[in-house]
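Comments concern the structure below.
Should a chain be cited, it is by its letter among A, B, C, D, E and F, assigned in written order, with residues numbered from 1 in that chain.
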Amino acid sequence: MRANRKNDELRNIKFTRHFTKHASGSVLVECGDTKVIVTATVDEKSPKWMDTPSGWVTAEYSLLPSSTNTRVRRERGNNPVSGRTQEIQRLIGRSLRACIDLEKLGERTITIDADVIQADGGTRTASISGGFVALSDAVKKLMDEGLLKENPIIEPVAAISAGILDNQILLDLEYSEDSIADVDANIVMTASGKIVEFQTTAEGNPFSEQQLIELLHTGKKAIFDIIEMQKQALAD
Amino acid sequence: MRANRKNDELRNIKFTRHFTKHASGSVLVECGDTKVIVTATVDEKSPKWMDTPSGWVTAEYSLLPSSTNTRVRRERGNNPVSGRTQEIQRLIGRSLRACIDLEKLGERTITIDADVIQADGGTRTASISGGFVALSDAVKKLMDEGLLKENPIIEPVAAISAGILDNQILLDLEYSEDSIADVDANIVMTASGKIVEFQTTAEGNPFSEQQLIELLHTGKKAIFDIIEMQKQALAD
Amino acid sequence: MRANRKNDELRNIKFTRHFTKHASGSVLVECGDTKVIVTATVDEKSPKWMDTPSGWVTAEYSLLPSSTNTRVRRERGNNPVSGRTQEIQRLIGRSLRACIDLEKLGERTITIDADVIQADGGTRTASISGGFVALSDAVKKLMDEGLLKENPIIEPVAAISAGILDNQILLDLEYSEDSIADVDANIVMTASGKIVEFQTTAEGNPFSEQQLIELLHTGKKAIFDIIEMQKQALAD
Amino acid sequence: MRANRKNDELRNIKFTRHFTKHASGSVLVECGDTKVIVTATVDEKSPKWMDTPSGWVTAEYSLLPSSTNTRVRRERGNNPVSGRTQEIQRLIGRSLRACIDLEKLGERTITIDADVIQADGGTRTASISGGFVALSDAVKKLMDEGLLKENPIIEPVAAISAGILDNQILLDLEYSEDSIADVDANIVMTASGKIVEFQTTAEGNPFSEQQLIELLHTGKKAIFDIIEMQKQALAD
Amino acid sequence: MRANRKNDELRNIKFTRHFTKHASGSVLVECGDTKVIVTATVDEKSPKWMDTPSGWVTAEYSLLPSSTNTRVRRERGNNPVSGRTQEIQRLIGRSLRACIDLEKLGERTITIDADVIQADGGTRTASISGGFVALSDAVKKLMDEGLLKENPIIEPVAAISAGILDNQILLDLEYSEDSIADVDANIVMTASGKIVEFQTTAEGNPFSEQQLIELLHTGKKAIFDIIEMQKQALAD
Amino acid sequence: MRANRKNDELRNIKFTRHFTKHASGSVLVECGDTKVIVTATVDEKSPKWMDTPSGWVTAEYSLLPSSTNTRVRRERGNNPVSGRTQEIQRLIGRSLRACIDLEKLGERTITIDADVIQADGGTRTASISGGFVALSDAVKKLMDEGLLKENPIIEPVAAISAGILDNQILLDLEYSEDSIADVDANIVMTASGKIVEFQTTAEGNPFSEQQLIELLHTGKKAIFDIIEMQKQALAD
């Protein structure tokens, strides 16, 4: 069992809305020492690749060079966007598309930018949870401006990480735990308890079906708590 | 229920070893109309990024332009390697590293190349199942040549896809099913029934915990069948 | 004189049509141990750069990483398409355009993809000879579908390599011969004996006009044999 | 004359040290609505291109996509690092190298990362002024750790923008002013009043020598005020 | 004081018009041992990024690999266009746009190509001075062809470099001087003595306001001389 | 028959040595209106890819943007080095390696840069003929400096283009002829009449063996004339 908090205990989570002024939604999400600026920008066009124009939500993710323990090289010039970055931004996009009715959104594209300014584990799940708040603010602005008549958001969505370390299930891993975990899971769920994404990977030893179910249950409880915090943040 | 086979029935699977002559392991894996050339090439060096030299298994994946329904553009020149390709090759690499003791493998790198010559769904899971056979052949060759004293392979590994379509669980989806499925799962397991990777994604509607467990069970049964076929292929 | 076959003797050549199912033409061409999947895909559009829309035939060429003796790096990401690859695909395209009336082909583009799955010398000439078969199948399909009224193919085209090694003219070089040859030639000809391309290069010592003519004559005889095999394959 | 402040009046400037936890120096610099995270990371190596190893200070600059009025595309993948970005990071690097004795710094490289989270004009000069604070913190840490015996910093450096709009000299332009200015100047000076960089550009109409000198004098006074604020921030 | 010429003395400057035959304006500009081919090519279209179509002048700059002391790598393939090159081409473009009325130029783009065939300091300022001559020839051709009714050129523009070395102001630095100068300045002015660009950089020691003004005055005198030579060249 | 010169007549050819001052060999070669700066730069290292260090000669080729009828885009940034450019620089390199004993050259690399400042057909063959002169000057300098004891040059090499237009054999085609020719040939030969490269391509109609031999003979005579001019140029 870990020292500072229980195995199934979340770190402090905080959503600061209107963190920057230009984007339609702009949230600083903090989850322990992990800090991500998540913004939602609206472009009044469907993506070019769409045959039948409709709404779309897409995401981009990046680590600031100074966000990690040892400086990370910018993914630009000769340094291509890594597979890890691409996996994460595809995950954020899919997760947020699951909570919104794209037809009701109309012919526009919302881009979620998740820029990690300080990383300590769980940056992708924090980006999803914060992304829902930013997306909600962008939708609210469209409704306030009369560009949207009906709210396209179906239900809240949030995400959390879990893992197995020394045969124990741990929730919301810090970097120091994550880097030595045997199993790594990311869980994305809606307020009604439906699963959007469930990804478990054995970095070291394969694991049992029983452990998989425990990971899921541990994450589920935490996600309901995070959705509560999202609601409070959006109510302010 | 689908027309040609039961919902939990596998397509015909076939492993043709020694398909090409240069690589240490070379397998044509066929899964219905999906055909992938999977090879294992040995380089007698650790990867450069490793601090403590040890063995490593990595993977690359590619679709031949003519492998799909409408020609796919080569990922070269101005067309970068897509996020999908990168996700798949990371998945293949992780899955095969889970079945081998990297320290016992010694200071060498085995590269698994999965080149899809005909695609009809399930290319990534076919690549993993075929990859295990190619990897086994490469290891066998190292042992025959006396470069390896002890077999580093821990236990067989195989993979299969499953999904939910019209609220029914389907195994081993063809492209026509996969492209309209609500939920998409990829399951990687070892011969002893341990989970290496389990990824489920709601492309459309989120799903329940009950469905997640059914997906897992359906996949598990199939994986045991595939591992049996791998054994027979390797015994020939 | 070489051990296994005469200096002016071809290796076994085989064309397997309908090798994969998606492309309009799909041929596995084998020339000794060299094996290339050559496909023809039809796009119902002229290329963008054309001022006066008309038909076009273009080609792409690639070596699978495991096709060669020592694994070749994929030409993607930071590894650009090599000069060798570009030379080969330009040669294949020019050679096949010489056997077809582009105006009669109409406003469509046929892309020939030559993907080498096993390399043992002569991959570019095998791609041209196989490319003619794939192109013929694609044209046949267009005619069967009523999209083309008149056959645009002018006459068959095929290609072969020749070289000079230890002052002897050799036909259809294997990799072990090609890599130490003094002179390297590629000859592309039509069924009526007209020259489409003739390229000779002194890798080592320059050569005489007499030798150049011998290279041409040796190749010509072989090309007529290959054109015969193409006809038989297309008749099946 | 502008409405909210005098033509030669600075916007509110604020330096928040220790803004993130991983870098040796980490400062949030705010200048009106312009907000930049500037960090200093130490690498205990000279740059590879140096013939005679010595200390080095280099800089990278980036706009977060959501930092501007309309979302800016990330400079990655097919979108290369722009000329503007390169000019700015070269300017920041040169300016900060002017305030430090590189030989005394020893064989190490300090990278200044300036990531703009909100842009409203003057991001490059804010990055320089904030960069000096981050650099000072990094140097202080090296001295506290005993890695440096002698302080290599020569004297403080700061920067400000000025411009000409409707024939009036304006200090510290906001984006709305900057985008329509006739002349644009950036001034970098040391605490002793020496000039490090002085760049004036006529975006519209060329200007007189008299105006050039006025731009310089207006900037000089402001820079002394900023250097005072840097000192207070570093004293806290 | 330097040996071969006075500190404020220009090197020999020569403009050879009609140096190559295809471009509308083509000038070889020589400034001592610095030799640059500067051409002006007219494209009868506005740039795509322009919202309100109008005329535009843009510039590209390149060093031939053999133009410098030790061969420079071409900026192509994996070697991106350097920050230095981008700064220079932006400077040339801005400087030449300052001497022409873009609305009068009409909906066309003039591209100035400055290709340095031999470099010995001052290549960017030689490119600007030569660029004015090439631009004038291109405009003259447009007028001769009746495509332009009114001359859009406002007044001549020219440029020169200056620097501080061993506390002395030097004009028109050669490479051997430039590479060890403490301060480096580039001055762009019009025939009426207006400043278009003034950039001073302390490569080594910061400098005083008095020195800045001396740099400006030294450059101004030289620019008037160069403008005289441009006039003579254009009169031939 | 063409108007200005006989079908088998060369255009005016001129070699200007010492055209620029930095490279070991620097030649302006003019062939009618085609003008190429060809330089030879010596690097006292073998290429990295060589297993057994020895001498090497390599080539790079580029068109200045203003060298052609309509401006060509620079091959940099998002515009990759074209297949045409790569073919040409490989041809120049192979041709010049054929005239030099690489072992005698010793562990050094000579880079031939061919930069076309004005193009009117035959730029690749002019680059080879001029390249031999530049290479000879670089070798002479190495011998003068005592870095080479024995002259590694075996015999002179030169190149010329020929073609078939309206069924007539033409020598040394201008751009206006080349762009409509049916057949295009490039011939590289040594002073002793040995063939280094012979490439013929039917751009339009395939051609006969008789025509191939005529192309060769026409080129041979011209090459002997060019080699005479090279000798005179090198004797000056």
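Keep in mind that, in the parts below, a residue touches a chain if its C-beta (ideal position, glycine included) is under 8 Å from a C-beta of that chain, and two chains touch if they have at least 3 such contacts.
Please read these numbers as outputs of a predicted model, since none were measured by experiment.
Undergrad: Starting at chain D, how many touching-chain steps does it take at least to reach chain F?
TA: The least step count works out to 1.
Undergrad: Which chains contact both chain A and chain E?
TA: Common contact partners of chain A and chain E, which must touch each of the two, are C, D.
Undergrad: More than half of A-B's contact pairs recur, by residue number, in one of C-F, A-E or D-F. Which one?
TA: C-F
Undergrad: Between chain E and chain F, two touching copies, which fits better, same or different residues at the interface, with half of the numbers shared as the threshold?
TA: Answer same: the two copies use largely identical residue numbers here.
Undergrad: Suppose a student superposes the Cα atoms of chain B on chain C; what rotation angle should they report, nearest 5 degrees?
TA: 180
Undergrad: In angstrom, rounded to a whole number, how far apart do the mean CA points of chain D and chain E lie?
TA: Here the centre of chain E sits 28 Å away from the centre of chain D.
Undergrad: Taking each chain's centre as the mean position of its Cα atoms, how many Å separate chain B from chain D?
TA: The mean C-alpha positions of chain B and chain D differ by 51 Å.
Undergrad: Mind checking the centre-to-centre distance between chain B and chain E? Centres are C-alpha means, answer in whole Å.
TA: Those two chain centres are 59 Å apart.
Undergrad: So which stretches of chain D touch two or more other chains?
TA: 77-78, 80-81 - these are the residues of chain D that touch more than one other chain.
Undergrad: Where do chains touch, given as pairs?
TA: All chain pairs meeting the touch criterion are A-B, A-C, A-D, A-E, B-C, B-D, B-F, C-E, C-F, D-E, D-F, E-F.
Undergrad: Given the complex with chain F, which residues does chain C contribute to the contact?
TA: Where chain C meets chain F, its residues are 80-83, 86-87, 89-90, 94, 98, 189-190, 193-203, 205-209, 212-213, 216, 220.
Undergrad: Taking the touch rule as given, give the residues of chain C at its contact with chain B in the complex, in rising order.
TA: For chain C paired with chain B, touching residues are 20-23, 26, 33, 35, 37, 39, 41, 43, 60, 62, 64-69, 71, 74-77, 80-81, 111, 113, 115, 117-119.
Undergrad: How about chain C: which of its residues touch chain A in the complex?
TA: Its residues touching chain A are 77-78.
Undergrad: Within the complex, which stretch of chain E touches chain A?
TA: Going through chain E, the ones touching chain A are 78, 80.
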